[in-house]
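Chain naming follows the written order as A, B, C and D, and within any one chain the residues start at number 1.
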Amino acid sequence: MNTIGKILTLTTFGESHGPAMGGVLDGMPAGVEIDLDELQRFVDRRRTGSYVGASTRDEKDRVEVLSGIWQGKTLGTPIGFIVRNADARSADYDEIARCYRPNHADFTWEAKYGIRDPRGGGRASARETVARVVAGGIAVQALNRLGITVTARIDANSCASAAVLEQVVAQGDTLGGVIECVVSGVPAGLGEPLFGKLHARLAAAMMSIPSIHGFEYGDGFDMASKRGSEVMDLFEKRDDGTIGTVTNHSGGIQGGISNGEDIVMRIAFKPVPTLMREVSTVDRDGNPVTLPPRGRHDACVVPRALPIVEAMAALVILDNYLIKKTNVL
Amino acid sequence: MNTIGKILTLTTFGESHGPAMGGVLDGMPAGVEIDLDELQRFVDRRRTGSYVGASTRDEKDRVEVLSGIWQGKTLGTPIGFIVRNADARSADYDEIARCYRPNHADFTWEAKYGIRDPRGGGRASARETVARVVAGGIAVQALNRLGITVTARIDANSCASAAVLEQVVAQGDTLGGVIECVVSGVPAGLGEPLFGKLHARLAAAMMSIPSIHGFEYGDGFDMASKRGSEVMDLFEKRDDGTIGTVTNHSGGIQGGISNGEDIVMRIAFKPVPTLMREVSTVDRDGNPVTLPPRGRHDACVVPRALPIVEAMAALVILDNYLIKKTNVL
Amino acid sequence: MNTIGKILTLTTFGESHGPAMGGVLDGMPAGVEIDLDELQRFVDRRRTGSYVGASTRDEKDRVEVLSGIWQGKTLGTPIGFIVRNADARSADYDEIARCYRPNHADFTWEAKYGIRDPRGGGRASARETVARVVAGGIAVQALNRLGITVTARIDANSCASAAVLEQVVAQGDTLGGVIECVVSGVPAGLGEPLFGKLHARLAAAMMSIPSIHGFEYGDGFDMASKRGSEVMDLFEKRDDGTIGTVTNHSGGIQGGISNGEDIVMRIAFKPVPTLMREVSTVDRDGNPVTLPPRGRHDACVVPRALPIVEAMAALVILDNYLIKKTNVL
Amino acid sequence: MNTIGKILTLTTFGESHGPAMGGVLDGMPAGVEIDLDELQRFVDRRRTGSYVGASTRDEKDRVEVLSGIWQGKTLGTPIGFIVRNADARSADYDEIARCYRPNHADFTWEAKYGIRDPRGGGRASARETVARVVAGGIAVQALNRLGITVTARIDANSCASAAVLEQVVAQGDTLGGVIECVVSGVPAGLGEPLFGKLHARLAAAMMSIPSIHGFEYGDGFDMASKRGSEVMDLFEKRDDGTIGTVTNHSGGIQGGISNGEDIVMRIAFKPVPTLMREVSTVDRDGNPVTLPPRGRHDACVVPRALPIVEAMAALVILDNYLIKKTNVL
């Protein structure tokens, strides 16, 4: 279950403090031009250092593409890639191997596997998202060739304010936030009517990003308290002869299939669970333990998450673009 | 893409006014006792007639199990079933074959397939959910044998008030609403850490129900505006020696894996798109058309959706229960 | 695991003596003309009575299409169908519920599921193939629209001789045989280079038919004792400007991908395991038992298997035809 | 489609002359002891140099495990690994970029993707099998912990004779051969009754190895010319109280499910298509071309293929071992 997608599939691997993170992007059409420098810049957007309260870990995430792209074009073969974990310090994490950090995956991971890699959270670390961004960055380039763009931005009400963030950091506390993502230029007809509804696929992809607690598209939860007559996206014939809707309460998706309008979705992140304060918890035997304040973590992951959100959206949209090709003989 | 699930899979079929709806539930373990009368009662909960503003169509959804259950027990073989469409009146729908109803899937369906069954919305009708409820009802019984219960209820702020609903119906308008679903008794350790996170699977399953616009679990979107210290689910050792959390902001899932607390999620339904008023729209050529008020539709689907939500939750939880068995040799 | 295929998927269900066999063919492109009478005739080819030594059970396999086809065309939605089991006589099979018939699946089925439907072999009966033939018959029609034909015939060395068969039947014995299947008109470029090699997909599909013990394509096992220079399919430019091969030792597939020549494969069936003689075996406790001669079974399934083989070939080829569409952006 | 398996999945990537081959083995249970030195020795068995007529390319295939194994045990997370391509000489292959080598995948690959990596056959090279052997070697160790062993050997009638091979090499020709593979210690009850029959899964896995043209199990193609009474595997109660069969014509599988006897299968390899002679072919435009004799290729791949066959068998058996766990609640 480290694979996502139907025709375009991404399989990822890697523990936070192992030798490397990596992935395989399979099902990419052949002959698509991919600019590896542009890809590196996309991945760099996920790196630390670009805002107040960011982790001081310097990740230097250099993408190594191992297959599937040759002479600047995709071959149709799986695109294997790795990103080395340059800055692994196993010793930092030894003491927490026996304790369950609150709001982390320590306890649940042990319940599932009976074993856990305590080094930096192992595979439960948000470090795994680097592989998503590499693959998603390739999908973004393919979509751009089709005139489709993907843009994530921090929602107005979120942790965008440097002043608030500084105050929170000073208190050793953390923040969450909301990201809005818009996909423009998507042709009508992408998606599937039943279990593979376009928004169901997008929801699953977004909810698979660490720390997400909510997903909505179009008017989202507000829809629930409105009347049918208030959210009706009436059709109109446009000057270019195409049919579109006057409003976009539906967020570009109706019946699980894109209608040609902007696809608009919002994703809610919980606050970072690692505080820079002492935390009370228990060890494996249930004995009370106090964990010291920890360093090297972001106070708010939302800014770094923008390319992750774009990556996941791009993977889903491109997959559905390919599925659409199979709807006629 | 009419299949959902990994080990326990449900594949459904059927158009609203075709001969029958149906499905195949594959991967059910062998030897599980299934009470078919109890199953019929579960499916009956989805039927019309139980509240103000409900559709007057009498569905009489009799479940016909065709395979996979013998002498009251599952055989391990696929459970095929159908529910006949007793009340199909094709003539009702002829005039809308050329028009695109706002907030329906008419336009997007044609964009995808180039062809559309106009009879009652064809497969885009919420009629398809009857197959989900049959399969989910079987999963619910299996979970009950394991001490796991699934309960959906209309959220306090939703269309529960008969007074409000009567007023809306009188105006020919419609309502949406929010359903909260709680799964109790889930052992810690169900779910997958990456793309198959338990909440990602639940989100995809719920978002695949017609008319859903949002999903959240635990504190959901509220998480985004809280500080880390406010939503910390601290661990404690309980009297029975097990480890649990004092609060449940996380909604029973941490790192994509159940932690043994109640799994709590909320799902937002948009208002029913078929108003009992005239509606302005366009036909295939973009010409303006006025559709007459239509009958035989619910003013609010939320009450009927309760067993659908429970069904989808049960399918996901049981699937993950089976996946968990493969985590050790 | 009652599903086969990637984009075009078939899921089947049904026990031999339950109410019905059935299936769901999902992923069929929209707008394909399907002649249901032609489909019924295709399914009828699988019925009994057409040769010496055939079972005397009259199956009358009437296909009921429940969804996905409307006004003679596919809708793009899943095609659900059932075939009622008209002639179920449960009483015939009660005595064998405790015994393991040699070369049947009684013993292995119980080892897997701990429970077994003894009525006519339950789902282990070759009766299940009727659902394959229905779905495959639809795929055959779609392929025909593309100029692709699928033809299975009994191999020269097999049980084709009525004289031999009569003698075998007189002795209460049974026969196996080999079927050769040729797919003509397949364009070059179908298949996948790695695990989804076209011949690997065909092998899996054929080997999933009951009673199969071997699969080969092109020169098959003979290849193993030849030298490279003897089996070289040299390329030539043909009069119409296309490139083809002078010989076809490769059976139309090179590197797992079709090369435009006829796809040729051979499938080996074991003899029918149910003899019309007494058989010595054991019951669940290992005690020796003698089973009486049984009736109502074919002495050789190969003639009835021709449409089954064609059906499985058609499903695989059409699936790969659709996959091919996704290889370019 | 570079992924194989259901619960235990292997995804591979890599072109022959790209930076590295690699793969991701996902779904491995947690806590399984893996000896990396033993794994390297298993992979070394695939290397060149161990017999007459072998390629002179020195591959030095050092396995780099990047994730999923920690302190000698599996973590339950995906096992990512790479094997660097140390000896890539791109220049060797430039001239053949425009020509189609007979019995290679050059022509079909271009028909499928419209683009082809000519360096050493790219991903169509048998070099890809190194990733299978790494993953399969891990599966072999897991099976061994369960008392299951996998052994492949060259069939008696194949290219085992050094004298014959020397003669063939002297003539610039090549050979194929047959490998027999036996899996012992498999408990009864592994496999699936319908499309996922154990022998169907094994056939697909074996046929996905480059150069395979045939697969059979048990008495295989010989079954087709025998009578039912000749191949009956009668049951008996053994001294230890278990039930087994007196003979094993069925090759350890009945109805697609293992019966506890040895699983026995035979796989036919075609002769190596690259001769050490001049070869006549055509270029992209259909013009006749003569390719010079080529070096650095094996005259017979069968000896090197032994660990590949074992690897594929191990992956299928272990996957089915895990599937079996989900057959009861």
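The rule we apply is simple: a contact is a pair of C-beta atoms (placed from the backbone, for glycine too) under 8 Å apart; a residue touches a chain by one contact, two chains touch by 3 or more.
Predicted model, so just to flag it, every value in this text is computed and none were measured.
Set against the C-alpha centre of chain A, every other chain centre is closer than that of C.
Pairs B-C and B-D differ in how many C-beta pairs touch across them, and the larger number is found at B-C. Centroids built from CA atoms put chain D at 43 Å from chain B. One finds 25 Å separating the Cα centroids of chain A and chain B.
A straight line joining the Cα centres of chain B and chain C is 36 Å long. Shared interface positions of chain B, defined as residues touching 2 or more other chains, are 1-3, 12, 27, 30-31, 76-77, 112-114, 123, 193, 323, 327-328. On chain D, the positions that touch chain C within their shared complex are 1-4, 6, 12, 100, 102-105, 107-109, 111-114, 123-124, 128, 157-158, 168, 173-178, 187-197, 199-201, 203-205, 207-208, 210, 212-221, 223-237, 241-243, 245, 249-251, 253-260, 268-275, 277, 279-282, 286-287, 323-324, 327-328. The residues of chain A lying in touch with chain D in their complex are 1-3, 9, 11-15, 18-24, 26-27, 30-31, 64, 66-68, 70, 73, 75-80, 82, 112-117, 122-123. By the touch criterion given at the top, residues 7, 27, 29-32, 76-77, 142, 145-146, 193, 321-323, 325-329 of chain C touch chain A in their complex.
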